[in-house]
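Residue numbering begins at 1 within each chain, and the chains themselves are lettered A, B, C and D in the order written.
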Amino acid sequence: MDMQAGYKKQLLPMEKVLRDPIHNYIYIQHQVILDLIDTKEFQRLRRIRQLGVASSVFHGAEHSRFSHSVGVYEITRNICDLFERKFPSQNADDGLWNDEERLVALCAALLHDVGHGAYSHTFEHIFKTNHEEMTTKIITSPKTEVNAVLRKVADDFPQKVASVIQKTYPNPQVVQMISSQIDADRMDYLLRDTYFTGTNYGTFDLTRILRVMRPYKDGIAFDMSGMHAVEDYIVSRFQMYQQVYFHPVSRSIEVILSHLLKRAKHLYQQKQFDLLGDVHLLAPFFENDFKLEDYLLLDDGVLNTYFLHWTQSNDDILSDLAERFLYRKPFKSVKVCESSKVLLPKLRDLVDKAGFNSEYYTATNDSFDLPYDAYNPKQKKPRTQIELQQKDGTLVELSKVSSLVGAITGKVSGDERFFFPKEMRATSNQLEIFEPLYQEFNSYVHNDNLVMKEDIENDKN
Amino acid sequence: MDMQAGYKKQLLPMEKVLRDPIHNYIYIQHQVILDLIDTKEFQRLRRIRQLGVASSVFHGAEHSRFSHSVGVYEITRNICDLFERKFPSQNADDGLWNDEERLVALCAALLHDVGHGAYSHTFEHIFKTNHEEMTTKIITSPKTEVNAVLRKVADDFPQKVASVIQKTYPNPQVVQMISSQIDADRMDYLLRDTYFTGTNYGTFDLTRILRVMRPYKDGIAFDMSGMHAVEDYIVSRFQMYQQVYFHPVSRSIEVILSHLLKRAKHLYQQKQFDLLGDVHLLAPFFENDFKLEDYLLLDDGVLNTYFLHWTQSNDDILSDLAERFLYRKPFKSVKVCESSKVLLPKLRDLVDKAGFNSEYYTATNDSFDLPYDAYNPKQKKPRTQIELQQKDGTLVELSKVSSLVGAITGKVSGDERFFFPKEMRATSNQLEIFEPLYQEFNSYVHNDNLVMKEDIENDKN
Amino acid sequence: MDMQAGYKKQLLPMEKVLRDPIHNYIYIQHQVILDLIDTKEFQRLRRIRQLGVASSVFHGAEHSRFSHSVGVYEITRNICDLFERKFPSQNADDGLWNDEERLVALCAALLHDVGHGAYSHTFEHIFKTNHEEMTTKIITSPKTEVNAVLRKVADDFPQKVASVIQKTYPNPQVVQMISSQIDADRMDYLLRDTYFTGTNYGTFDLTRILRVMRPYKDGIAFDMSGMHAVEDYIVSRFQMYQQVYFHPVSRSIEVILSHLLKRAKHLYQQKQFDLLGDVHLLAPFFENDFKLEDYLLLDDGVLNTYFLHWTQSNDDILSDLAERFLYRKPFKSVKVCESSKVLLPKLRDLVDKAGFNSEYYTATNDSFDLPYDAYNPKQKKPRTQIELQQKDGTLVELSKVSSLVGAITGKVSGDERFFFPKEMRATSNQLEIFEPLYQEFNSYVHNDNLVMKEDIENDKN
Amino acid sequence: MDMQAGYKKQLLPMEKVLRDPIHNYIYIQHQVILDLIDTKEFQRLRRIRQLGVASSVFHGAEHSRFSHSVGVYEITRNICDLFERKFPSQNADDGLWNDEERLVALCAALLHDVGHGAYSHTFEHIFKTNHEEMTTKIITSPKTEVNAVLRKVADDFPQKVASVIQKTYPNPQVVQMISSQIDADRMDYLLRDTYFTGTNYGTFDLTRILRVMRPYKDGIAFDMSGMHAVEDYIVSRFQMYQQVYFHPVSRSIEVILSHLLKRAKHLYQQKQFDLLGDVHLLAPFFENDFKLEDYLLLDDGVLNTYFLHWTQSNDDILSDLAERFLYRKPFKSVKVCESSKVLLPKLRDLVDKAGFNSEYYTATNDSFDLPYDAYNPKQKKPRTQIELQQKDGTLVELSKVSSLVGAITGKVSGDERFFFPKEMRATSNQLEIFEPLYQEFNSYVHNDNLVMKEDIENDKN
């Protein structure tokens, strides 16, 4: 017990720093934080790219989940420092900041993504894994190094940290720091992703937002004087989704990855797998029966290594998709709208006729995100709305005072696209036999949209 | 033939751009360049980190050789544009720029590092591979996609491109663009590495340096008015070596990697390998008998996947070193000077006694680089010196007019260090039995230097 | 004539560069441009701050109209280069770029603000001057050095340049480069003002916007692929207005300046002027009878020098306002809405009673700007709308495809404020006699708004 | 007394921030600091450019001494915060930081340049004023607002603040913060000047330098781990001097300014002044008999206003020099070395013969600065050397461990130049009568150096 109390408060004799391109330096002051960073489960994040396949479009975006995780920690540490300096709680009910919460907040910030795996979203989709569940398991399972470090603080500390990430922790300030519409997680990834992609859509004034944050009894609000900084953050987030996260070419690479994993699983289950090398690290997933240890052995490099083997498979679909993925041969895509959806069966049919199995060589995929949501009591899982605090202490919800945010509140943005092999749009060097087929296919595409022929005519007039 | 000529000049209907954090955009104008980027051998560079293990110290530095290679291409493209606009050759002997050289320069720039493999320097050291040779092979071997693209330009074009990289191409301007003390390669990596590490030591004024570059009959000179920009580049390069490339912790991780590969090779050759999974991708290297195809299958992820398997080996040294490498448990190190070298055998002995095989758990390692070299006719492989051009056309060598560069010309910088397990410096929680041993070990370390005890005493007086 | 033709095409033997924080370098290639920069009228812009009194809030924003003017030139030069390279006109009717227009475009860009005077907007308001008229006069009056340089190109060249700025030049591409909703002027000032203020609201991707610009017969359109970059520009512009240009404290300093000039004019016209030193440089303006030469002698320093003299005037209002202006003692302000306007007479009355002449010590001031306007045929002076070009060449107006822009199109943003001496809000150290008066005044102010008392009560419930 | 104690500790109810491009935000926490910023003497710094005439070369460098002064304050505030957090003094003799010193340090930092006047160095040279003396007077004279604010803290507080700036304050830590070879003053101006000029020579890692600063009994030392950051700062400073502060064109404009003031003083003393307008603000300086009040009325704008008047003087030299200064018509210059100095009388003679009074139209001017000085006991006013602290607490002087700094320690850098009217180098459009004269003049100039003819010949061979 005593030792636990000691460990909890144990500061490093000299604070350590990590050099970081976004925050300049990341300051490590607690022994607990240093020990968590040094665990196997956390170091593993160095081998998982934050943006998965997005680096196939923005080649600079090769940063890992490790770098994002320490960034979220650093922003959280800054918030705690500001709260402690400016809004220290004097009694239990004043709604101000109790610095006893610092360590649980810092640990939750650092570990909030520790359960992410290689190519998370796609992998989860095919293998029914869930990175949030995995995060909880890594924190609470007695087998992990992370858990061992946390237990040194207190026996119930792992569970506390997990509950912050699950949003069930009783203090809403701690929860909202890590997870809300304007939290340390989102703020770090916007700045980091914009830096590494080399775009500038995601920039906003972090210092000012931190400066206007203030704790209150139901969570965290923002001083009205910082309204424009918060507005700018929302707009930046909207633009990053539009420009980077929903980029059609990344989505196309993700489609290929998804079909590749689906094909491998299918072959495995059909016992038609003729692999060079083995697949033993993936087997538990093919068999829908995996353990935490199995999950922790996977990373981008392991999956890519399998894909490399598969390029030499004698299953044509598997080897071709593996090549397309590894050597970046994206599918093409066009926008689909409600009315043009009726064309999809016909297009899939043309793709099949051109010799591509449309199950593995086409897809439709939408990517929508709510840029900002004001509270809607009817929603199952309401998002926390952003509250601005006026001089007299009353709160106003952001979209009521920002015309820009008002314009995009509650609206879904994004588009739906149909993906198909680039070969379908070829205009020359083709076998003559396929000419008419390609011509028909292309007759439905106009200005990057899938359209009925008559609409094109109308449009021209 | 005709088709070749056509391909050589074939521009894209619309130039393509890659978004890049260093150069903002990278402009692709030739079909050849686009086709080269799309080859397997080039795409493979996405899976090899530019700075190898340096990201274990500077976590932002996770960028790949792909991103550096397109950057070198872009700088070269800019130089060609400036030379074509400002110094077009009028006749064969005027020493000015002949834009017919553009394509060979661009291809050489793009491909100059295409032969790099995973963890190049260490891997080469253990397996006697050589990335420069591999680059040549990838370009000239008829089996590669790169070669196929280059052959479409002309039958002798692959050989031409290779000769630029080998510095045997007859036009010294083209050679110096890609490879000299101030070339597109070095300029890109300084800017790129400084950006991704988040340091600012490597910044210099690229625009100004490009502006003052001028072709002359023996290569490329710099207008005297740009002297300070060139000086700043040299100093920046010096500082990046000191601060980033020679960082003791990166070198320590490299020591671990080197010992890990050495151990694996040893076990393989002793037929003591009990690996989970197989090692067939590495086998040709263990057997000193590999082909280009074998080499092209390796990347960071493949090696890391093997290391992951090896963490479960029953060879204690192999599994321990694999863990230390993957989960970043660096050795400690101290500086060694000529006089303190006599202590090394004693220290190795102490390490052995503490239970670590000193062959695999210690190393000495120096890292020296000549920051800038004026021409020295006695050197075997003289570096090209940097020439400044005065108003009357005469040339002056840089170190003669820059006191800063003069100060570091021809001097080696760097240090020699002795590496050993962190455990040797432990100060508590140790088995009592080792206490005296640790105490003796630490008695030789003072202010991060390995020192004779009497020197410490003198120093204090 | 011949000499004129020669001058028009005369390039500098070596292009000159100006170092610029926004564009890195500004490239001067034509002798005409260099000669224009060297004229007295242009050099005078160094002594007039671009943002007038805004540096009293954003102390970094001390940059001059000189620096903005060369920036607009540089962006225009870049557009011309891109148009010449990518869209050269082949015949008179193809709607593409005719590079013969380059020089007139560059000169108009450089000179578009040459008629600005000290503290333009306020000065113009009080003295009925007009900087656009002055720009035209400087260009076309035979007495100026600017005119002399332009005439060396061709006798009608000054008139041509002026007509571009007046938007009557026949080629709409040239006009829109300099003056439209997304022109070289606006793009430079957003980037420049954001840099010097140290905010980041005004950043956008200039390179990308330039890349997607294309000439067509009615002006300049933007490729659809650049929609998001254009959207980001519009949003950035909106945010700069909200955050910087409409800042209440700058507006308050401007109110003081305006009242100060009004008072001086009044005293002069009443012949009550007891100035230390003279006012001869201002006299023509007090007398509403000034010449171009008079106008060209004024700059920020000259006005400030007069204000310095006036601080020692024995007219209390004049000296006090001069002190408030020079030593930055801004008025306070509150937001006014339609319903609270009825309170203004009462507030002015309280200000008078507290001893401040409300004519000189209060003001209401609104600042509204249309962030983006789609074409409205009923408007007198319609703004050029922003057109996006689809693959098939058809145009779509921006607000139809951007939800963000759609949200703010045609809406006025800004607010109306009531300004009054800071002393009115004092809460202590006051003469007791004024206490009740101040209390009443402050009872109308709530959360920075002017409000009816009953509304405050309602708001609280 | 009590009131004083209260004022000293009086924090603002809400800290205020100034937006700053270098430090992002400047935090004002003490009422004293806010009150000092609001004084007339401090606000006056807004009208004096930090780099004087340098903006005639680097047009972005139009920032004022106000902006630098608040920057120095902010760096000092950061140092105090770090010292208080990491090195708080426990007893009077431990050589650590006593936070009672904070306010005197902050005030000295803010006010260290408050005595600067318009075009300081040149003005001082001609009128024998001294900005350091003026700073002391502004702080200690009971007539200033600055003094009144400081006296509210304690009666002897103004004197204390002044003594810090004069380096006689007993605590060497406070003195070295404000004034040493690596102090808040120099660190701010390097970063600020590099930002506003748009160069990047002056950048260095401020955060890291602050992190490794530590107080000790004789002042401030730097942890050895920060050696490279300190080295980079020294090199950056060296490069800024070479590239910006010693720029030949700025120095040439300064020569013109100096001659202009000299001429005006001469005419005034000869009673030959026929000025439009008056010169009463300058009269006390012409008469060598000025008071503090006189000094405080001058700023850049006032001087420029006089110069504007003087352009219409009927003294040809006065009006011509005023025009050259205001409308930026710099002299040309060439480098002079010891051996070529013998040519100067001949060159001056040629300038006289060409119709320019060589007293007012030529000058020689050297600009030298010691980039870094280790302690030299023989020097009258030794500079504080930079000490690095090793793990065992012992100190090592910087140049002993940095080869770069070693190379430039104690060396003067800079050059000596001869300035003359641009007209002397004209090559055409000249009156034939002067041809031979110009030819002779130019025969002494080669590669921007003044050289003996025989040397040119030798050089060519």
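Operating definition for what follows: a contact is a pair of C-beta atoms (placed from the backbone, for glycine too) under 8 Å apart; a residue touches a chain by one contact, two chains touch by 3 or more.
Fair warning: this is a prediction, and the values are worked out from it, not measured in the lab.
For the pairs C-D and B-D, the larger set of C-beta contacts lies at C-D. The most distant chain from chain D is A, comparing centres defined as mean Cα coordinates.
In terms of their C-alpha centroids, the spacing between chain B and chain C amounts to 51 Å. One simple way to say how far apart two chains are is to compare their mean CA positions; for chain C and chain D this gives 32 Å. Centres computed as Cα averages put chain B at a distance of 42 Å from chain D.
Across the assembly, chain D contributes residues 24, 199 that each touch 2 or more other chains.
Interface residues of chain C, counted against chain D in their complex, comprise 18-22, 24, 38-40, 43-44, 46-47, 55-60, 62-64, 66-67, 70, 195-199, 276-278, 280-281, 297, 299-302, 304-305, 308, 323, 326-329. Here chain D touches chain B in the complex through residues 199-201, 203-205, 224, 228, 231-232, 235, 238-239, 242-243, 390-392, 394, 403-404, 406-408, 411, 413, 446-448, 459-460, going by the rule given at the top. Partner chain A is touched in their complex by these residues of chain D: 17, 24-25, 207-208, 211.
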